[in-house]
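Each of the next two complexes has subunit A plus one other chain: subunit B in the first, subunit C in the second.
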Partner chain A sequence: MAKNTLSSRFRKLDIDEFDENKFVDDHDEAVDNQGPDGAEIDNLIRQGDMMTAFHIALRNPPVNTKNPAIKERALAIVLRVLTSFKSSDIEPAVKSLDRSGVDLLMKYIYRGFKKPSDNSSAILLQWHEKAFAVGGLGSIVRVLTARKTV
Partner chain B sequence: MPGILTATLRPYLNAVRATLQAALCLENFSSQVVERHNKPEVEVRSSKELLLQPVIISRNDKEKVLIEGSINSVRVSIAVKQADEIEKILCHKFMRFMMMRAENFFILRRKPVENWDLLFSHHQLPHGADVQAQAGGLRHPLHGGDRQGDQRDEVVCQRQGPYRRRGVPQKCKSSCMSFFSPRSFKFYLTSMFLTSAVLRKFPNIPYADHDRHHGF
Partner chain C sequence: MSYHSFLLEPISCHSWNKDRTQIALCPNNHDVHIYKKDGTKWTKIHELKEHNGQVTGIDWAPESNRIVTCGTDRNAYVWSLKGEVWKPTLVILRINRAARCVSWSPKENKFAVGSGSRLISICYFEQENDWWVCKHIKKPIRSTVLSLDWHPNNVLLAAGSCDFKCRVFSAYIKEVEEKPGPTVWGSKMPFGEVLFESGPSGVSGGAGDGAGGGWVHGVCFSHSGNRLAWTSHDSTVAIAEGGKTSTISSLSSETLPLLCVSFITENSLVAAGHDCYPVLFVYDGTKGSVTFGGKLDVPKQTSQRGISARERFQNLDRRATSSETTEQGLESLHKNSISQISVLEGGKSKCSTFCTTGMDGGMVTWDVKSLESALKDLKIV
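For the complex of A and B:
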């Protein structure tokens, strides 16, 4: 008995790590989306085809990657598309999205709010208003509870 | 120029209100780490699965609202616009004034998070914590309350403070007016203006459904 109680190595063990009920985030490395294609979007913006640029920007969201550079790039592209929209075109663009598209749009809007630059917040607020009208409180709740951020 | 500035105010307030409505969906949740304890998870941050994504709504780079949610508590941090030195000083003094009286305010935190100006915190307690729950109250020492204690304390004693004779404030809006005496409060007019501006952003915060807990 004396020999066992001398060692205090057990104190360095974090017992909570081995708890079988401990919450672990799912790691989905399988699907690796790289984010929208910048060059293609640039072309479309120059041509003035905002709707197609918008839809392409919202494809392939980098939700599964841990790499912040990819996420930054995707965010920059989407924000560029969002800010080059005219106010009157925002509503039809939002209406053309399906449910998961609206959720994704909300995620990008909230990420865009984190780094306000010149006029981006004003446009984003307009986008938020229109997206909220279509998606409702549910879309905001899905942004708050999402484990995989865009 | 003024047209552009005020044009963002309404969408900004609407966005904050919508996000707050989504984030203020709370329920009673006892601590998973310590038995018989009920802690605001957004302050403790011990378990990742109980926390929501923190979300910022910004009107420009000076004015924003950060909303951090969790299963039983929400933290709202406000960055107030301070254009020049005098506004910085006024804001600092006003916030100090409010936060020193945080226990009467019930939902105001004594210390703001880094780089933010003003912090509201709301914790959904079980129904037995009567008065505190009505005002959305916190009893965590961080928020100026008593020791958190455990849930065996069904009867929570009322502390006698210097402003207690004015009554326990029921809602955020009235509480600011009800507990300071003009003698101790120098910036009376400015504070009224700032208070109404700040508090107008949060009218009628809906509480989570208390009635569900009656069956306990």
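For the complex of A and C:
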């Protein structure tokens, strides 16, 4: 009797959703963080001003919204900036960030790792190395434990 | 700094007696072993066997010489020394999950137990019935309570829990004590009142973008009770000062998460965790900032011998770096995470010795004066 002849419909139920003690995060209603402005970034990249593009890309991270489209858009913009950097410029760019900026950068780097495209992994690994040198293991732990993801 | 290896298994929890000659610890099983110091040797003198699950918390009351233990079997026992034997008394905690931490209050007339049932049990002895009774603090805790620390006024209790928050509760029991006077944390203190709750992350200083925080592993009140420090799983340490402007200063560190913290003076704290060495933090009250003070560990003895070409390639093969360090293991005294820190001498205002135990089954006693002299740039204010 290799086949289960009883109903297995219950297996499609997510029992944790019905748990009355389920932990729900406190909702944060701030909706001003919509992610960086794509057009502005494009302009700066064309002009070759990478540092400013970098700083603007890391402003207004969409950490509070639950809308995946906004997060995807922000991620795409940031990745475009990160991949257009020259290897030698990465270190000064990381040094110009403060503590929370480095944490935010690490979050984007790991999100970028999740969906690797042709060249992105190599350059992201270089970004990771430089960000790790500044942020240490703590910044990676904060990527793992953050409730508000980028 | 002396390192003593008690066991090969982790030490789940430990507690010292009043004159620091005996230590009660749990060797990662259902018992509590009491060791007595004999010069430099430690001999086991008692084995307390009563729990049916791993003992997760031990606290030894210095004045009344009673030990309270709590375990994953959802029970707590209060042990009293009768002659040469420790006799247990069961305390019904009325919890349906494991107990995680226990702490005697400063006056030793009650103790608090944090548990996975998302509540804190405050237990006190009822004379008429000759029985320990408990009261629960439930709201607004939403997950396991990991750590507890009492305020010196015997009423306020700080609790760190897995719902990413550190809170100060009032545990005022009118049957055993007088109404407490006002403190910086508040003046109205009915039982179960929340006088302080930390936000998801530090407000000023470190993690400014609201990263969400992590489980709060360790909490500690300063000696005066005006400051509260906690460490959390997102590698941050935060200090709050009670008062109208309840400010929180936090520092996101570059190390792995810290599991335990203790004040050693009013401005300095020592914390230790998964990085296997204690770390000093200094709090500046005027600026409201926490800064990293230094790594407290035995300084590394660097061997000056050169590295051969063969070793270089071997290192490249094995570890992807051709670096000079042939050190295979950790350079710290503890070889695994440190899970608990306790102040031995000097109290939390002028600590001169403290002790750490960890998952490597070892215990290290640290002497503050010799640390200060051995490690330059270390200033304990």
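Operating definition for what follows: the second predicted complex is superposed on the first by the 126 of 150 C-alpha atoms of A that agree within 3 Å, B and C clash if a C-alpha of one lies under 4 Å from a C-alpha of the other, contacts with A are read in each partner's own complex, and residues count from 1 in each chain.
To be clear about the criterion, a residue touches a chain if its C-beta (ideal position, glycine included) is under 8 Å from a C-beta of that chain, and two chains touch if they have at least 3 such contacts.
Since the model is a prediction, treat every value here as computed from it, not as a measurement.
Engineer: For A:P36, decide between first (touching subunit B), second (touching subunit C), both and neither.
Structural biologist: neither
Engineer: Going by the contact rule set out at the top, does A:S100 touch subunit B (first), subunit C (second), both, or neither?
Structural biologist: A:S100 sits against subunit C, while subunit B stays out of touch.
Engineer: Contacts for A:Q126 in the overlay, against subunit B (first) and subunit C (second): which applies, first, second, both or neither?
Structural biologist: first
Engineer: By the touch definition at the top of the document, which applies to A:P62: first (subunit B), second (subunit C), both, or neither?
Structural biologist: Neither partner.
Engineer: Could you tell me if A:L137 is touching subunit B, subunit C, both of them or neither one (first, second, both, neither)?
Structural biologist: Both partners.
Engineer: Determine, under the contact definition given at the top, whether A:Y110 touches first (subunit B), second (subunit C), both, or neither.
Structural biologist: So A:Y110 only meets subunit B here.
Engineer: Could you list which residues of subunit A make contact with subunit B in one structure and with subunit C in the other?
Structural biologist: Correct list for subunit A: 23, 25, 137, 141, 145-146.
Engineer: Across the complex, what residues on subunit B touch subunit A?
Structural biologist: Those residues of subunit B that touch subunit A are 4, 7-8, 11-12, 14-15, 18-19, 21-23, 25, 47-49, 52-53, 55-61, 64, 69.
Engineer: Report the residues of subunit A in contact with subunit B in the complex, numbered from low to high.
Structural biologist: 23, 25, 110, 113-114, 116-117, 121-122, 125-126, 128-129, 132, 137, 140-141, 143-146, 149
Engineer: For the complex, which residues does subunit A have touching subunit C?
Structural biologist: 21, 23, 25-26, 28, 61, 63-64, 99-100, 103-104, 135-139, 141-142, 145-148
Engineer: Mind listing the subunit C positions that touch subunit A in their complex?
Structural biologist: Those residues of subunit C that touch subunit A are 118, 142-143, 163-164, 200, 206-214, 233-236, 252-257.
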